[in-house]
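Note that the chains are named A, B, C, D, E and F in the order they appear, and that numbering of residues resets to 1 at the start of each chain.
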Amino acid sequence: MRMKQPLVYVSRKEHFNAAHKLYNPNWTEEKNKEVFGPCANVNWHGHNFELVVTVKGIPDPDTGFVVDLKRLSQLIKERVVNKLDHKNINMDVDFMEGKMASCEILVVEIWKILEAGLPEITEAKMHCIKLVETRNNYVEYYGE
Amino acid sequence: MRMKQPLVYVSRKEHFNAAHKLYNPNWTEEKNKEVFGPCANVNWHGHNFELVVTVKGIPDPDTGFVVDLKRLSQLIKERVVNKLDHKNINMDVDFMEGKMASCEILVVEIWKILEAGLPEITEAKMHCIKLVETRNNYVEYYGE
Amino acid sequence: MRMKQPLVYVSRKEHFNAAHKLYNPNWTEEKNKEVFGPCANVNWHGHNFELVVTVKGIPDPDTGFVVDLKRLSQLIKERVVNKLDHKNINMDVDFMEGKMASCEILVVEIWKILEAGLPEITEAKMHCIKLVETRNNYVEYYGE
Amino acid sequence: MRMKQPLVYVSRKEHFNAAHKLYNPNWTEEKNKEVFGPCANVNWHGHNFELVVTVKGIPDPDTGFVVDLKRLSQLIKERVVNKLDHKNINMDVDFMEGKMASCEILVVEIWKILEAGLPEITEAKMHCIKLVETRNNYVEYYGE
Amino acid sequence: MRMKQPLVYVSRKEHFNAAHKLYNPNWTEEKNKEVFGPCANVNWHGHNFELVVTVKGIPDPDTGFVVDLKRLSQLIKERVVNKLDHKNINMDVDFMEGKMASCEILVVEIWKILEAGLPEITEAKMHCIKLVETRNNYVEYYGE
Amino acid sequence: MRMKQPLVYVSRKEHFNAAHKLYNPNWTEEKNKEVFGPCANVNWHGHNFELVVTVKGIPDPDTGFVVDLKRLSQLIKERVVNKLDHKNINMDVDFMEGKMASCEILVVEIWKILEAGLPEITEAKMHCIKLVETRNNYVEYYGE
C-alpha cells in the first residue's frame, strides 16, 4: 500500500526598503495629484516592504523538505530583493521600467521572475506572492 | 500579441473597538452561562477587532490600481466601521438586530453590506472578509 | 572575590478582554459626549487589553530565576486578570468602583494589588506595569 | 424562502516550544551537515512554534458558532500541543517516530490527528493547518 | 489624609511613510558609498516609520486622563507627521534642512517640536520619543 | 553659543533559535521536575529568541550616527548570536558552561561580552539588553 503523497505549501518572508511614487508620466502634475494624492509626491516617499513567497510540492522523505529554504531565500534575494532593496522602484529597477510603481504591478513582475527561476532549484511550483506595503495594505498574486 | 491580464488580490485592514456578549435571549441565564461561559457575562465584555477586506480584479495600467484604496477604506468605514466602532454589537448595530453577536454571524453580515456597496466604487469583486477577534481567534468568509 | 550581583528585570505579559466606557456620572450626558466623544457611548465598547508586569531582582544561582514565572502568572491571573477578563470595567470590578474606567486609573489600581501580593511569592520588587489598550495607545506606571 | 447557508472558516492559534534537529539517521554526519547546515546541530536547537488550525462549517443560528472554540482549543491541546510543548520532536513525540522532524512532515502528521478527532466535537470540517517556525518561515497543509 | 498622586506615562503611536538617503553633501560620492553603503543610494530609498510619543503626568480624577489622546494625536499629526508622511526627509522637510536624515537626528528634531507644542494642550510633560525605522532598528530620545 | 549635545539611544534586534532546559545538575531528577516543571524535560525544548541591544551616545553630525548599525550588528552576531544560534545553550555555549541556562543568567553573560567588545567599534556606551523568550516572557539587564 502506498502512502498518499501530501501537497504542502511552504512560505518564505523577505524584506526590502524602497522609495517610490505613484505617478503616471503621461498625465499632468495636477491629474497625478488628483488621482494619487500624497502618493504622487514628486520627491518620492517609501516603505518597508514585506515579500512572502509561497511554493507548493511534495516533501522529500529523505530531507523532509518541499524546497531547501536556504536556496529559495537566495533565489528571492538574488533575483528580486537585491534589485529593490534600498532602491527607487520608479528609477532604479530594470524590470519596472515603463510601468506604474504600484504594488499590484510589482507583485506580478516579481511572480514572473521567480516563476522563471524556481525550476533551477526545486520541483516545487509557485503558489502565491504576497507583498505587504504598510501594516494596513497588501496585495497577493497567484499567477492567474 | 496581448499581455495576459493578471488577477490581483488587494487587502485593506481596518479596526473597531466594540462591546458584545454571546447571549441567546430565548435561553435561560443558566443555559447561556453553560454554553457560552464567561462570554455570556451579562454586563458585556469587548475586543479590538481587526477587519481585513480582500477584493480581486485586474490592475488598470494607467493607475496601477485594482481599486483606489482610499475609496475602499472610505466605503468600509462609512458602511461598516462607523456602525461598530465604540459601539455595543448586541444593542447599537442595526444590521445585527435579532442575530447572535458572534464573529461568524458578524462576518457574513459585513460581507453582505460591502458586496452591495463595492460596485459603486470599482469593478473589482469581493473575495474574502477576515475578522480577527483576539490574537488567537479569527474567522473568514468568502461569500460561499 | 565576590561576583557582582546583577539586577535583572523580568516581564510577564497577560491578557484580558473587557468592556468599558469613559463616563463621569457627575456630568450630564452632553458634557460626557463633549469630553469623551465616542468613548462615552452609553452602551459601552471594549478592548483586548495587554498587561505587562515587570519585576526586578537578583537571579538565584540555583534556579537561574529572579521569580518563578508560573507563580507570577498565577498571581496576576488570580488577583487581576480574573476580575477583569470578560467583564465590564465600570460595573463588574470591585477595585474600580467609584473611579473613572480609564487606562491611567486602571494601571495604578493594578499596581496597588500586585505590589501588595508580590511579597507572597518572591523577594523581587515591582518595577513597572504596562497596559496596552489598542495597537496605538498604552500607559505605564512605575509606582512613583 | 430559505436563507442561503453561509460557509464560514474559523481559525484557532495555539503555541508550543520544542527542540528538534534536521537529521537523517541513514546518512553520515558529514552528509547531514552538508544538506541541513546548522539545522543538523547534533545537540539540537529549538523554536517557538505557532499552530493555526482552520475549520469550516455553517454557523448554528442558536449559538452563532461554527465550532465551540473552547472545545477546539482543548482538542488541539490534548492531541497535539501537549505532545509537542517543551519536548524534543525527534525523541519525545510518538507520532513523529521514524520521520524527519521538518515542519513539512510535522504539519501533515498534525492534520491526520486533528482530522480524526474533529468529528468528536463538531460537524465542521478541517480546512487548513498552518505551522509557523520562525518569523520568516511557515508551512500550510490542506489535506490534499 | 491625601491620596498620593501617581505619575503615569501615556504613549501614542503614529506612522509616516517617507523616502530618505544617508548622504553627506560635503563628501564625495565614493566616501558616501563607503560610509553609508546602500543607504546612500542616490535615488533614495524609504521606510514605514513608527513614531511613539510618551508623556507623563498625574491623571485628572474627573476625566481619568493624563492627556486627551485625541488632542495629543492631533498635535503630533499637525506638527510632525503631516510634514513627514509621503515626503522626502532630505528634500521636503523644513526642520531637517541642512541636517543628516538619520533617525538619530530626526528623533531629536521631533522632540524639539513636540516639547514646544505640548504645553498648548496639556500640563503633562514630554518623556520619550521612539522612532522605529525597520523591524530591527529603532532609536529613542529622552530630551537629555 | 554651542548646541546642546543630545544623548540618543539606538537599538538593534537580532535573533537566534536555540535548545535549552532548566536543569540543575546538583539536584535529583525529581527536584528538577518539581521546580522547573516541563522546562526540565530531559531531552530539551527550544525557542526563537529575540535579542535587542541598546546603546547610547551623541550623534556624530557628519554621519548622523550614534553607532554604525552594520558594525553593531556584526559585533552582536560574531560574539553572541553565532555562538547561540542553532545551538544547545546547556551543551554548546562556552560562556554558559557551569551556569543555569535561564534567560536571567544568559542576558547577564551577553551583556559582559558586548560591553567588552563595544569600545572596539564605537564611543557609544551599553545601555540595555533585552532577551525575549516567548511572546509572553522577556528579561532586561542594564549592567547594574
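Structural remarks
Definition applied: a contact is a pair of C-beta atoms (placed from the backbone, for glycine too) under 8 Å apart; a residue touches a chain by one contact, two chains touch by 3 or more.
None of these values were measured; they are calculated from a predicted model.
Among the remaining chains, those touching subunit C as well as subunit D are B, F.
In this assembly, the chain whose C-alpha centre lies farthest from subunit A is C.
Taking A-D and B-C together, the chain pair joined by more C-beta contacts is B-C. Mean C-alpha positions place subunit B and subunit F at a centre distance of 41 Å. Rounded to whole angstrom, the centroid-to-centroid distance between subunit B and subunit E, based on C-alpha atoms, equals 33 Å.
With centres set at the average Cα position, the gap from subunit C to subunit E is 27 Å.
Annotation for subunit B: residues touching 2 or more other chains are 135. Screening every pair of chains for touch gives A-B, A-D, A-E, B-C, B-D, C-E, C-F, D-F, E-F. Against subunit B, in their complex, subunit A makes its touches with residues 22, 24, 26, 35-37, 99-105, 107-108, 135-142, 144. Interface of subunit B with subunit C (complex): residues 15, 17-20, 38-39, 41, 43-48, 85-88, 91-92, 134-135.
Subunit B makes touch with subunit A in their complex at residues 6-14, 54, 59, 61-66, 69-70.
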